[in-house]
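Each of the next two complexes has chain A plus one more chain, namely chain B in the first and chain C in the second.
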Partner chain A sequence: MLITPDVEKPVTPAPPHPRRRRRLGGGETVTGWTLVSPAVILIGIFGLLPVLMSLQLSFQHSDLLTPETPWVGFDNYRKMADDPVFLEAIKHTIVYTALFVPGTMLVGLLVAAALNRSVRFISLYRTAAYITMAVSTISQGIIFLWLTDRDYGLVNAALNAIGAPSQPFLASPSQAMYVIVAMTIWGWTGFSVIVYLAALQGVPAELHEAAAIDGAKPFTRFRTITVPLLGPANLFLLVWLTINALQLFDEVYATTRGGPLRATTVIVYYLWDQAFVHFDAGYAAAMAYALFVVILVITGVQFRLTRRFGGTS
Partner chain B sequence: MIRRRLCIALLAVLALVLAACGGGGSSSGPTEIAVWHGYQDTEGEVFKKLIAQYNQDHPDVKVNELYSSNDLVLQKVLTAVRGGSAPDVAYMFGSWSPNIAQIPQVVDMAEYVSEPDWQWDDFYPAEREAATVGEKIVGVPALVDNLAIVYNKQLFAEAGVAPPSPDWTWADFRAAAAKLTDPAKGQYGWLIPADGSEDTVWHYLPMLWEAGGDILSPDNSTAVFNSEAGVEALTVLQQMAVTDKSLYLDTTNENGPKLMNSGKVAMLVTGPWDLSQLPDIDYDVQVMPTFAGSPGGHQTIAGPDNWVMFDNGDAKKQAAVDFVKWLSAPEQVKTFSLGTGDLPIRQSVGNDQAVLDTLNENVPGTATFVENLNNVEKVRPTVEQYPDISDALGQAIVAVMLGKEQPADALNKAAQAADAALAEK
Partner chain C sequence: MTRWRLPFSPWHLVLIPLSFLLLVPLLWMLITSLQTEGEANRFPPVLWPASPRWENYTEAWAAAPFGHFFLNSFTVTAVVLVSNLVVCSVAGYAFARIRFLGRGALFVTLMATLMVPFQVTMIPVFLIVKWFGDNVWDVLGIDHIGALMLPNLATAFGIFFLRQFFQTVPVELEEAARVDGTSRLGVLFKIVLPLSLPAMSTLAALTVLTSWNDFLWPLIVITSQEQMTIPLGLSYFQGAHHVQWPLLMAANVMSLLPMLLVFIGAQRYFVQSVASTGLKG
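Showing the complex of A and B:
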């Protein structure tokens, strides 16, 4: 399938090496290709080829069972426009992305700012901030299921202790999506903390000292010096988190299975459901490609906007 | 020159990759067949012992077993079939039969099982129906279970409620559940899986049948679950979930046995597989209640699963068929059932009082489940659109239980969706 929901969370990319000017000689070309060929071939077979095959699949009718896969042109793509559940899934995906991406960036920035200092046990705190990334999605889902359980959950016990009524959370069509947003922000905060922490440490101390001598208060210094210098980190997180948010699957599968009443059915969950529960693989592939185009466009726009307004990089 | 050297280098790497992917290959010696199954723990051990015994008694055949999670086996088998490396035998859920029937490599067992030494009629009727799609028989029964009430005796005694009896109507069931519900203790009378999947749907279906309704018309052309009977059955769920709040809606489908075992839920409608997860409570098992005045009587739903065979050439096909025939013969059925506590898949074994006594001694309540197999009167329709029908019905049931919709409206809407799906193919 085009989209692998279980994308590995990468570390911050290293700054690009200065481009090598000297052209490689002929012998070195062969050696170079030979060295990279295992990776290239493997990526070709297991990465590129399936991507192209699913493009083909999106123009066919396939139930995965029978060998006949008749060509149906753009039928699968047209079907999307008339599918109320798919339109609902788009809405849910947008709501989720609009809450998850800024939420994760904001929480991550605040935590990173708090951790960007030298106090005792700082490594311990930093590890604690990152450790949520090491929790598998399924375990995370089960933990939150029980934490937010309507009758036996800790969250409701805490609410009751301060006199507030119990909430159904994941069992309620109107609340489930917000619980998933909160859960995934919790899970991804460690990632944005690492990125922001690296960026914060790249902010020259002299600038802060100079501003302090000029009488700038800590908050003013943070706003006028630190934040503008975080441009590249912001762009990276914005793009990366958006791509991941649009591909939300594991967390939904582990907690609500798209429910209650499809309230958490997002695009990738729905296409999985169409392919492997309803045996409509062609339609699922078409949805995956539609999502691919959307991600491509959004990422392009984000790059462009950030280059124009994002300041300093 | 450089090009050619590059090509050779690439080819060498490709050859290495392919060699790593390949392996195996045909040679003389015993015919090897691959059996994919989802047995773990006790079931896994008993199953492996049976295979070892078969391999010892049949030196010309080597059965290789491979564990594969039941929930995911269809996806894996589909991939394997496409890749030309299908297993010879795979354990498949009975609800997949209509879809499996379309895979060309699946062996049609109709001509085999008509031979008298298969004793095909000895399998329970629900098992045979779940393996039959039109003229084809796509598999041989591997497992059967059914739903009944499992209840916590202590909670009933504490609440002063008489335990479930075979005379219970759904009104009695509802009244008891209400008395067994105590919000202060976080205790509920009943729990139902409520994710809207087939797990939700198959809890509703016996109620629908008992009320005198059915899922589809006899020719499988239209949905008829939005009948008066369908509304009556769904209204019980509505009253318990919305009015009485005696029904815990388990949106995860995972909490049932855990909450039951910790005494938070007084009754579960479930199958024999959950009994081993209730070590901390004193439970008993009773058949499902009836609807007063309905001719439906006691019913339940069976979830029979099958061994499905794939054609990988005549020799392997014959070896696979022979193995499954041996595996599902009364003697092996008895061994497996006694070893694992699973219900016997053959009537001759299920009616054997000595087997029942031993089963019940090992896991109390199992005998009731075996006897309850006789209450299986109907099965889910074996049509390839069943996943769509189940989906529509599941959403309707959940909408009603969450108090979002009225039973008649919800069922009518679901019936429309089901009709559309049925008309499509």
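Showing the complex of A and C:
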């Protein structure tokens, strides 16, 4: 996740005298550690330890069942470079991310702009947009399988109604990924609308009024006032959606199971398949680490940009 | 010349079709769930069932152990929710208020886990949970709902979020109670938490949504129907009835209903939880 812990800022300024400081810390150290210990134990066992175990696993061969896990050096990492399915999965993941992220941001911004006004029933309209957030990924998958069914689907009926031929959609290797993109954009509409609506509501109306008095045209006002103030929201969504796009799994599982002809096999789907279907956990761990590095780089870039453009977190 | 004016804001002409378009997938699910098998398998589709077939719901309910699915989802979510609220608020309070040795380093270490994608930890967590089931208590092990709770009892995000909020609570309120000899926990539960209900509700909304809709982890650890949560059970049901669309859609509606109702009822907190994931955090 994308949190910037601001640990540099202590709650109270540190007492000047070192000895006094140590005594003060000492008195409360037992209380402090006692209170954080349940959280530290839980996160230690299920959050930190697995990071190290996973690194170790990525240099071993493991089938998750037998206790023997022989060391194999860099074999798992080397295997990635020679594995055509993995390389294909990277390609699919990049295509998906490149379409899903801007698509979701665009839809989110347009819907938020439409919802950013005080008319009657506006809270009902907003609920209609937000509600997609509550729909589980599996439910989404099942609904879109049915909507895009090649024989009986509502989407094909709509296409026919405007004179276009029926499409195979999820049954077609060349179309399935685009259906998944559209479906997940729908699923993330609620999230992106909330983020953009919050940002749009933060744009002071006085700025627009003042600029209008000075003779700025609506488009100029949008470009020079609204867009710069949306910067933090754009950046947040860009990174957040990218991280989630790289981890796409549920929606693929619910609709195509990576098919047809592996056309929708994305990295995490392949990783899960290798670990829990083919029981090659070492290889899966290596892939997970590669993904981790990519996500860390993206997060790092976000930190940099956030600092430069005046910070969201 | 008088200009003809709409008796309502022209924006409704944009917002009504827009809302409708966004709701089409859910409406179509609802409509199909009331169709007969024959109506569903017709093209172009029957847009309105001749007479709603409510039996789809009873038949779907009977075709898979949905009672188990709901009970499991409810139990897992309730345990994870209560545990997160308690463990994260206690830890968040300590990080916000108590100066103790190693606080800064510990906090940074915990927060670092927020950057680790689940795919990195899921294989070892599988092995750890298996170990707990084999050596500690089988109820916590593979193929039991305990395995769905154990790794999610506390989150670094919850600690971070509540710590940020607790830092905004005026410390003077606590000092009086501290002078009277109230313990740290007493101060937290009697003074700080009652002032933190909005933050707690926001974290609760996020926790409920994440836990209720979680899919990948249950898919990995659960194989028995009796232990499945709703998303996994629905996916299993889909595999068994994948061409019986009315039945499948009825199951889908039933699966979605609790979360949709909770979402609409507590929408404010869900909206805030999105903002808190990064924008305001």
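As a working rule, the second predicted complex is superposed on the first by the 270 of 313 C-alpha atoms of A that agree within 3 Å, B and C clash if a C-alpha of one lies under 4 Å from a C-alpha of the other, contacts with A are read in each partner's own complex, and residues count from 1 in each chain.
Heads up, the rule we're going with is that contacts are C-beta pairs under 8 Å (C-beta built on N, C-alpha and C of every residue); 3 or more make two chains touch, one makes a residue touch a chain.
Note that this is a predicted model, so its numbers are computed, not measured.
Asks: Answer with clash or fit: chain B and chain C placed together on chain A by superposition.
Replies: Once both complexes are aligned on chain A, chain B and chain C clash.
Asks: If we overlay the two complexes on their shared chain A, which of chain B and chain C does A:42 touch? Say first, second, both or neither.
Replies: In the superposed model, A:42 contacts both chain B and chain C.
Asks: Per the contact definition in the header, classify A:29: touching chain B only (first), chain C only (second), both, or neither.
Replies: both
Asks: Looking at chain A, does chain C or chain B touch more of its residues?
Replies: C
Asks: Using the touch definition from the top, say if A:261 reaches chain B (first), chain C (second), both or neither.
Replies: First partner only, chain B.
Asks: Looking at A:151 after the superposition, I want to know if it touches chain B, chain C, both of them or none. Which is it: first, second, both, neither?
Replies: both
Asks: For A:276 in the superposed arrangement: first (chain B), second (chain C), both or neither?
Replies: both
Asks: Check whether A:77 is in contact with chain B, with chain C, with both or with neither, and answer first, second, both or neither.
Replies: A:77: touches no partner chain.
Asks: For A:64, is the partner it touches chain B (first), chain C (second), both, or none of the two (neither)?
Replies: In the superposed model, A:64 contacts both chain B and chain C.
Asks: Go through the superposed model and pick first if A:292 touches only chain B, second if only chain C, both, or neither.
Replies: Only chain C is touched by A:292; chain B is not.
Asks: Looking at the overlay, which bit of chain B runs into chain C, 80-88, 98-106, 134-142 or 152-160?
Replies: 80-88
Asks: Once the two structures are superposed, pull the chain A residues common to the chain B and chain C interfaces.
Replies: 26, 29-30, 33, 38, 42, 45, 64, 151-152, 276
Asks: Could you pull out which chain A residues touch chain C in their complex?
Replies: Residue positions touching the partner: 1-5, 7, 11-12, 24-26, 28-33, 35-36, 38-40, 42-43, 45-51, 53-54, 57, 64, 111, 114-115, 117, 119-122, 124-125, 127-140, 142-144, 146-147, 151-154, 156-157, 160-161, 186, 189, 191, 194-195, 198-199, 232-233, 236, 240, 243, 246-247, 249-250, 253-254, 268, 271-272, 275-276, 281, 284-285, 288-289, 291-292, 295-296, 299, 312-313.
Asks: Would you mind writing out the residues of chain B in touch with chain A in their complex?
Replies: Of all residues in chain B, those touching chain A are 2, 5-6, 9-10, 13-14, 17, 74-75, 78, 82, 99-100, 102-104, 186, 188, 194-197, 248-249, 251-255, 259, 264, 384, 387-388, 391, 395, 398-399, 402, 404.
Asks: Please give the residue numbers of chain A that touch chain B in the complex, ascending.
Replies: Residues of chain A touching chain B: 26-27, 29-30, 33-34, 37-38, 41-42, 45, 63-67, 145, 149, 151-152, 170-173, 255-257, 259-262, 276-279.
Asks: Provide the residue numbers of chain C that touch chain A in the complex, in ascending order.
Replies: 8-9, 11-12, 14-15, 18-19, 22-26, 28-29, 32, 40-45, 87-88, 90-91, 93-104, 106-111, 113-128, 150-157, 159-160, 167, 184-185, 209, 212-213, 215-216, 219-220, 230-232, 234-235, 238, 245, 248-249, 252, 255-256, 259-260, 262-264, 267, 270-271, 274-275, 277-279, 281
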